[in-house]
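Before anything else, here is the set of structures, which you'll find just below.
Each of the next two complexes has chain A plus one other chain: chain B in the first, chain C in the second.
Take a look at the complex of A and B:
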């Protein structure tokens, strides 16, 4: 804003669009390396090693070790890749539900629309976390409970977006024309509407991701999610609570920070994708 | 006006009733199909002393041998008459437990709600007034980072810094350990309240601040601000005369509509700080399989969120002069963004 004319005229090395693309690529590589790291790190890194218990962070153990001598860095990376995996399942499921219900609401007539809007209200009227606890509880906890819970709780906002988008496309002239020409409904949905809303779905999916990961960690932290034998971030943090009062801050600090960074990275990718794919926001 | 208002409340009431009935029914089906056997859960450790005949008797006494529809009607009519059942963990009526815990939670949530609202509003206004400067970037970065911060991790950090390192506050518990209930002073309660409230406030700021910033930027670009600037008004005076009332309403509404996140945050914060509120009760009920308590809490939290949304809508309807005389669809469009 306050730049002088000379500064304004100087051509930057990368324009905004290229910079965004570069950021997205770097962020994606970062996330990919975490997933690979989690898969490649062997179990040997987190076996108990009683000679090196409760060690503060050092070059040997970047994040320190816990009360069983397990390396916290390895545990954190494995936990993160597990979180991303669960998040992927949950967000995919949610996006699919949102796609189906959003399209159904917008194209199957008034009664379906009312019904689906009502279901959306139903899911939004209970706090997310309470719904998650409820579903995890009734499914007996564990991996299945948490994934189903995440799928069932995160779709409503995206479904609203899809519904609005489909309604808009449906009134477009080429769709009306197609209808006049006698194309069946499913053909229109598949060839005209679906391609049009696919960017929205992709963006929505990326923006769901952070929420899903955070909620997974939260429910696991509360003791209703993944089993205590998995190296999940929620488990690490809830275990660390017992040792905080003895001053072992690194048990909680680093894993949480890494979770924050991963979530923030996903958020950033989603934001940038939205700016790049959505022409009405391209100037931001 | 009054007629419109009562019609609005009536429609909202009907909507709420249908939602509650549906939630109860879904909950009922979920529990019915869950792997938990109510008889088994009731017997618990006395499993060896209870024979199959006794089990059948208990099941018949509870009406478990009747069809699902009948069971739901029985159960539903009990709830309508105000009987939420007895908690299995505490062996006390659910309504009592919720009432008692709600007071604790209310204090916590109210403190965090007010603090985060006020601080977030101020941050948002400052960021908008200084748009493009380092201050704006700082506030924006802070808010975006907070939006991806796990609540419970923030709680743990606050706990490490203030309770373990600085030793200013006790580690956890709503009241001091080893002290009789009558001897707990107000000061003790406040002392245990501060940390969870701080945690919730730090995180709650982000939403309001970003929203207010956006609204304030819109307001600052309007013609009347341009005119006021041309008259020579600047800074606080400008904001006080032309900004405040335009931005305060959306911010307050947003705060009321955020009751759902507030409740979710309270669940986590209460768990971290072992604060005896509703959230902790929810977690305990979930972990230890206390169905009546869990159901009571689900119904209660639904009501809580609903009241928040209702107030948000009402504020628009009553306070915003632009809403008067308009058609009643106007406030539905607000939510679609």
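Take a look at the complex of A and C:
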């Protein structure tokens, strides 16, 4: 692509590292406020207060109140803190499953590899959401159902990456030398292979996290996830759907926006990490 | 303990035979050269001798018995590219001590300085790294050392230093050395016997 000299010399206002730093700061602020909020706010803040029903956003109620007079700001914060908790559990579980299965596929022989690759393909061929709904429904819904469902559905693509990485490092000469030095398999896996794939696991985890939060919200929105009396974002959104037509836009707008920002910032951090840790893409 | 390869044949997958019916013997303390044109399977043969690869046909025996698979291998191989044979995420001392604990005198014989031990592999040159690879392969249980183009990419002085140290140890321990190289002069200087690996023979 041709560009004029001025265009070439124009520096972007923020370079890659600055952008990443900014995103991390936003994410950290969000996390902090959500965790603190989740700890400080108790059920008392979201009790029904029928004298202040349907109030639009004001300084008393930053995000307004709903049809039962509950403060939407408190509900949003509590909902996000619940969502992030579920997201963390789900993403950690998924990353662990991916790590174990990926390493097993690459180092336990042909039959294990075929079997695990087949399972990965099987899970990838069905949309996440369908499997997730199925598993959550089978386990009776609720917190446990949704967390187990999320763990069991988000690992396949990361497992595939881990498998490929392990296969690659296993054929490296220094790993073959290690065998020659009389090191057992588990020692090689722990000292040579695990450090090699840990950046991939970290990136995978960071990218899984927002994904998991979104799917949790989606399933809860559909009414198959967390139970309705818990203030999850999905539930807040699905409840406010009924009131949107009566002009109470703040019910869905603020929680939705917060969810979007959380998901987007974590996704961005994951992307930046990937670009920075992957030498072939470091200059993009 | 004699290292014996009997009627060894190898091919990758279902491809053409790289070589078949290769017989090779080396006695302790002997220094044997293997020569041959590129692509004739010298490196593959070395890998089979060292147990990296299993021969498709034929056997490799050490003192009449098949070579043990577990533990420190009595037949060690040194590759041509030291930067690939050392984990880039480990400090040098961890790589050096992976198989055994070399004493200081040995490090000095190979010209390895103490301060290199705390460096990362990318902070050392190829020649410096290769010294580590050689020392790592010279554990007390090493009966045979296979040097696959071990000093090809090094300068003459480093080559001389490394070979000098290796030969001394080979003499002291009655260790056999197999030298694979394209340098006729080097082979001539080092080896008491030369074997040609050639498909057509």
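Operating definition for what follows: the second predicted complex is superposed on the first by the 259 of 284 C-alpha atoms of A that agree within 3 Å, B and C clash if a C-alpha of one lies under 4 Å from a C-alpha of the other, contacts with A are read in each partner's own complex, and residues count from 1 in each chain.
Everything below uses one rule, namely that a residue touches a chain if its C-beta (ideal position, glycine included) is under 8 Å from a C-beta of that chain, and two chains touch if they have at least 3 such contacts.
These numbers were taken from a predicted model, which means no experiment stands behind them.
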item	value
Room on chain A for both chain B and chain C (clash or fit)	fit
Touching partner for A:106 - first (chain B), second (chain C), both, neither	neither
Which superposed partner A:86 touches (first chain B, second chain C, both, neither)	neither
Broader residue contact with chain A after superposition on the shared chain, chain B or chain C	B
After the two structures are overlaid on chain A, angle v-u-w for chain B, chain A, chain C in degrees (C-alpha centres, nearest 10)	100
First, second, both or neither for A:192, with chain B first and chain C second	second
Touched partner set for A:183, first chain B, second chain C, both or neither	second
Contacts of A:210 with chain B and chain C, given as first, second, both or neither	first
Which superposed partner A:137 touches (first chain B, second chain C, both, neither)	first
Distance of closest approach, chain C and chain B, by C-alpha atoms in Å	16
Set of chain A residues, in rising order, touched by both chain B and chain C	none
Chain A contact footprint on chain C (complex, rising order)	50-52, 70-73, 76-77, 79, 81, 84-87, 89, 95, 98-100, 136-137, 139
Residues of chain B defined as touching chain A within the complex	15, 18-19, 22-23, 27, 30-31, 33-36, 132, 144-145, 147-153, 156-157, 159-160, 163-165, 171, 260-261, 263-264, 267-268, 271-272, 282-283, 286-287, 289, 294, 297-298, 301-302, 305-306, 336
In the complex with chain B, residue positions of chain A that touch it	1-2, 118, 121-122, 124-130, 133-140, 160, 164, 210, 214, 217-218, 221-224, 237, 240-241, 244-245, 247, 249, 252-253, 256-257, 259-260, 263-264, 267
Partner chain C, residues of chain A touching it in the complex	172-174, 176-178, 180-184, 192, 195-196
